[in-house]
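Pasting a structure below so you can have a look.
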């Protein structure tokens, strides 16, 4: 019943990780405790201040999934265009891929057998 | 494009299958046949059935037949599940 | 619903189809055939009636509940016969040498004896029951669904 | 008790089977009795699997001959080859069996309230039990044709269950694609079985492994078997059916389908290591598996980042995680013939891949269950419509965080302990594998953070005012898997020594598998 | 050449499987796809049952059998099992296709598709 994990190259103790996390959490909580005392909920202090602009509603404030990582997809646009051409939802293409991979691997196996 | 690729792959696959079929033992004299000879000799006095096929299906490989009956049961259950009425009925949960 | 001639002939023919199917099921351990084949023969008779008459006429006679019970019973008989040999090994042919279907035929060619085969005839019967119920349920369900109806409970 | 252990391999397969045959009869009477039957039978199966695992860890490979005069008599007296069907359970099989038992029990408990509002529940549970039977049969059998039969059982029941919600069109399409792919894969497996039978007149894996000669026909059969099982597993570029089928199924069934794809992976390993183990051209096949594994990791995760449907997103992550296992075990296969390389890093790579199977089997069904919990009240799988659900679903949020940290390999959670095993051992084989693995891991964390933000964080959306926490039994089903994750996190070395290394050695040691059947040759 | 003549049933099963794969790959109609799968399994069944034939052999049933060799019995059992499995699979597929037609109003595998990407 040892906690230590040894992979043959490295080892660690999950308990140590958990203790580290707890210590960090305690420190964070400590700093949070030393925050502003005069802060009250449900007053104007809690409201969002947007340089005097009026604050949009909740559903407009929420960043939808389509807008996250926009730059990533913009950079890899070519790759995604190519990879999405493969993903036609047609069942016949699925079987075509199966035939292709089977034939290729069979050829590789037979040729490797002949080479020996 | 897709048609050409598919046809080429299909021809290669058929070529593989046919060439493989030419390598199998000649049609009509399988070899080796130890397992089947044992079954044909001993089926009658081990299972008491005159039909060797029946004794293979239900005794020697009876577990396969149980799985086969299970597959039929599965398919029937699936068909009746998919063709069920989606509206709620009170008596059947 | 086909013409009167077809319906009359089907009415007469179904008896022979049923008898032949039951014969194939019963003699599965002596002659070619067995539970699956005999059950398929019987279900072909059901299909003939389904073609001759309309599927509405079957809704009252072949209810889903009855067919489900029949099929589960057949499957359970099969599985329990497998469990019967569990004293030694699962699927051990424990009926060989017992009074029911227990006789051992003389080795070599010969006229078959009906009371042989251990649990093979019983399994044939169970599988036949199962196939008849299951395939008729499938065919009737599809035929009724094609007309936009459901099977009766 | 001793008799129970002796007959446990067949009981583990037959008890869910008989329960499935009984379910329609009992379901007519009362639904409470039906649910009790399902849960009790699966719990008993879990107990039996653990008892069998303990027996195997003590006494070695467990062989059970069906229909013989004694369970251990694999070969008829005075004869050379087995004629009956033999169940052969070694460390690898029982390892998968433990996973399958736990996940199926969790899925059944989860289903109790997940499908409570649907019709046809009796047939749903019947098919669920039949699926459990098929999976156990695939894992425990020692006979090629029997493997095909149980593969078909698992495929047909899975296909019918995917299309369970027939009121949507996409469920039927997903089920149809799944069953077409499964039928063709199964037929190819049957064809390869026929080729092997034609040459060696046997269907038993151990017997074939003893006499196989790797002729051209055997090469064709190996290609057919390997690629057919790989397609059932969801290896790129044969993964296209995978998201279509997994995203539309009920969440509990999706969690079980993950393990059926692992069962097909087990069958592929069994074919490569045991059936062809003595004669296989190990580097070539190993490199084929490694190449497709790298493709699987990368394409899967890049497609996952792109997705907006929560279940499709998790399905693509399942694909990319399967790549780790292919790479880990593929490296072990590539150095199979070379003893000192195998001892240096091959065994560790295989252990990492197999350990990753265990971890993936714990956290991926958990994540699918949380996705189903999101679907349960919001009624949509579209992430763009979700938001601010953490205010209402506290338990779901916590369990989702556990699964996310685990799948993206944040130490000390269990995902990291298997990934580091793979990284460090695979690095000595080829560094590019480790680099790809680390990049894929980073992308995994990024995409799960994105999904977490868009589904749970943010202000409370007005259209989800009425959403509340999911029912008890769904929480219980998820907590079972989360408890497994925490246990593996706390005692990784225990799991590695008791479950992973025996499984890896069972794959490597082909002679023991053969001798367990053929040892009694007169 | 005479080798081809010897193995003609095997080659016939291989060609049958090739035709079935052609149908599966290039026919967009779902019913034709299912027919292709049925043909594929017929090819596999023909192959397996042809494996067990002995020249001049009788059916392996001892009831009033004429003297002579008996053909192998295991391939016949395997074929029986695989035929029943094929029936089950085809029934389920046809059910799903009927439902899909109800929902989408078409049998074309490209027009009736909802899931992609």
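Should a chain be cited, it is by its letter among A, B, C, D and E, assigned in written order, with residues numbered from 1 in that chain.
To be clear about the criterion, contacts are C-beta pairs under 8 Å (C-beta built on N, C-alpha and C of every residue); 3 or more make two chains touch, one makes a residue touch a chain.
Just so it is clear, the structure is predicted and the values come from calculations on it, not from any experiment.
Asker: Would you mind naming the chains that touch chain B and likewise touch chain C?
Answerer: Shared contacts of chain B and chain C: D, E.
Asker: Can you name the chains that touch chain C as well as chain E?
Answerer: B, D
Asker: Return the chain whose centre of C-alpha atoms lies at maximal distance from the corresponding centre of chain C.
Answerer: Looking at centroid distances, A is the chain farthest away.
Asker: Please flag the chain sitting at the greatest distance from chain E, going by CA centroids.
Answerer: The most distant chain relative to chain E turns out to be A.
Asker: On a C-alpha centroid basis, what's the spacing between chain A and chain C, in Å?
Answerer: Each chain reduced to its C-alpha mean, chain A and chain C end up 56 Å apart.
Asker: Quick one: report the Å distance separating chain B from chain D, using the average Cα coordinate of each chain.
Answerer: Measuring from centre to centre gives 24 Å for this pair.
Asker: Measuring centre to centre with CA averages, how many angstrom lie between chain C and chain D?
Answerer: That gives a centre separation of 36 Å.
Asker: Between chain D and chain E, what is the separation of their C-alpha centroids in Å?
Answerer: Averaging C-alpha atoms per chain gives centres 28 Å apart.
Asker: Hunt down the residues of chain E that sit against at least two other chains at once, touch-wise.
Answerer: 17, 21, 24-26, 33, 51, 59, 61-63, 74, 78, 80-81, 84-85, 88-89, 91-92, 95-96, 99, 113-115, 117
Asker: Taking each residue of chain B in turn, which ones touch at least two of the other chains?
Answerer: Answer for chain B, listing residues that touch two or more other chains: 6, 10, 13, 16, 20, 24, 30, 33, 35-36, 39, 44, 50-51, 53, 57, 59, 61-68, 70-76, 78-80, 82-85, 89, 92.
Asker: Can you pull out the residues of chain A that are in contact with at least two other chains?
Answerer: In chain A, the residues touching two or more other chains are 87, 89, 91, 93, 95-96, 99-100, 102, 106.
Asker: Pairs of chains that touch, anyone?
Answerer: A-B, A-D, A-E, B-C, B-D, B-E, C-D, C-E, D-E
Asker: State the interface residues of chain D toward chain E in the complex, per the touch definition above.
Answerer: Per the stated touch rule, the residues are 145, 149, 152, 156, 159-160, 163, 166, 169-170, 172-177, 179-180, 183-184, 186-187, 190-191, 194, 197-198, 203, 243-244, 247-248, 306.
Asker: Where on chain C does chain E make contact in their complex?
Answerer: Result: residues 30-32, 36, 105, 108-112, 138, 142, 145-146 of chain C touch chain E.
Asker: If you look only at chain B, which of its residues touch chain E in the complex?
Answerer: Chain B reaches chain E through residues 3, 6, 10, 13-14, 17-18, 20-22, 24, 26-30, 33, 35-36, 39-40, 43-44, 50-53, 56-57, 61, 64-65, 67-68, 71-72, 74-76, 78-79, 82-83.
Asker: Touching residues of chain B toward chain C in the complex: what are they?
Answerer: 44-51, 53-55, 57-59, 62-63, 65-66, 69-70, 72-73, 75-76, 79-80, 83-85, 89, 91-92
Asker: Going by the contact rule at the top, pick out the chain B residues touching chain D in the complex.
Answerer: Interface residues on the chain B side: 16, 19-20, 23-25, 30-36, 38-39, 42, 59-64, 66-68, 70-71, 73-75, 77-82, 84-89, 92-93.
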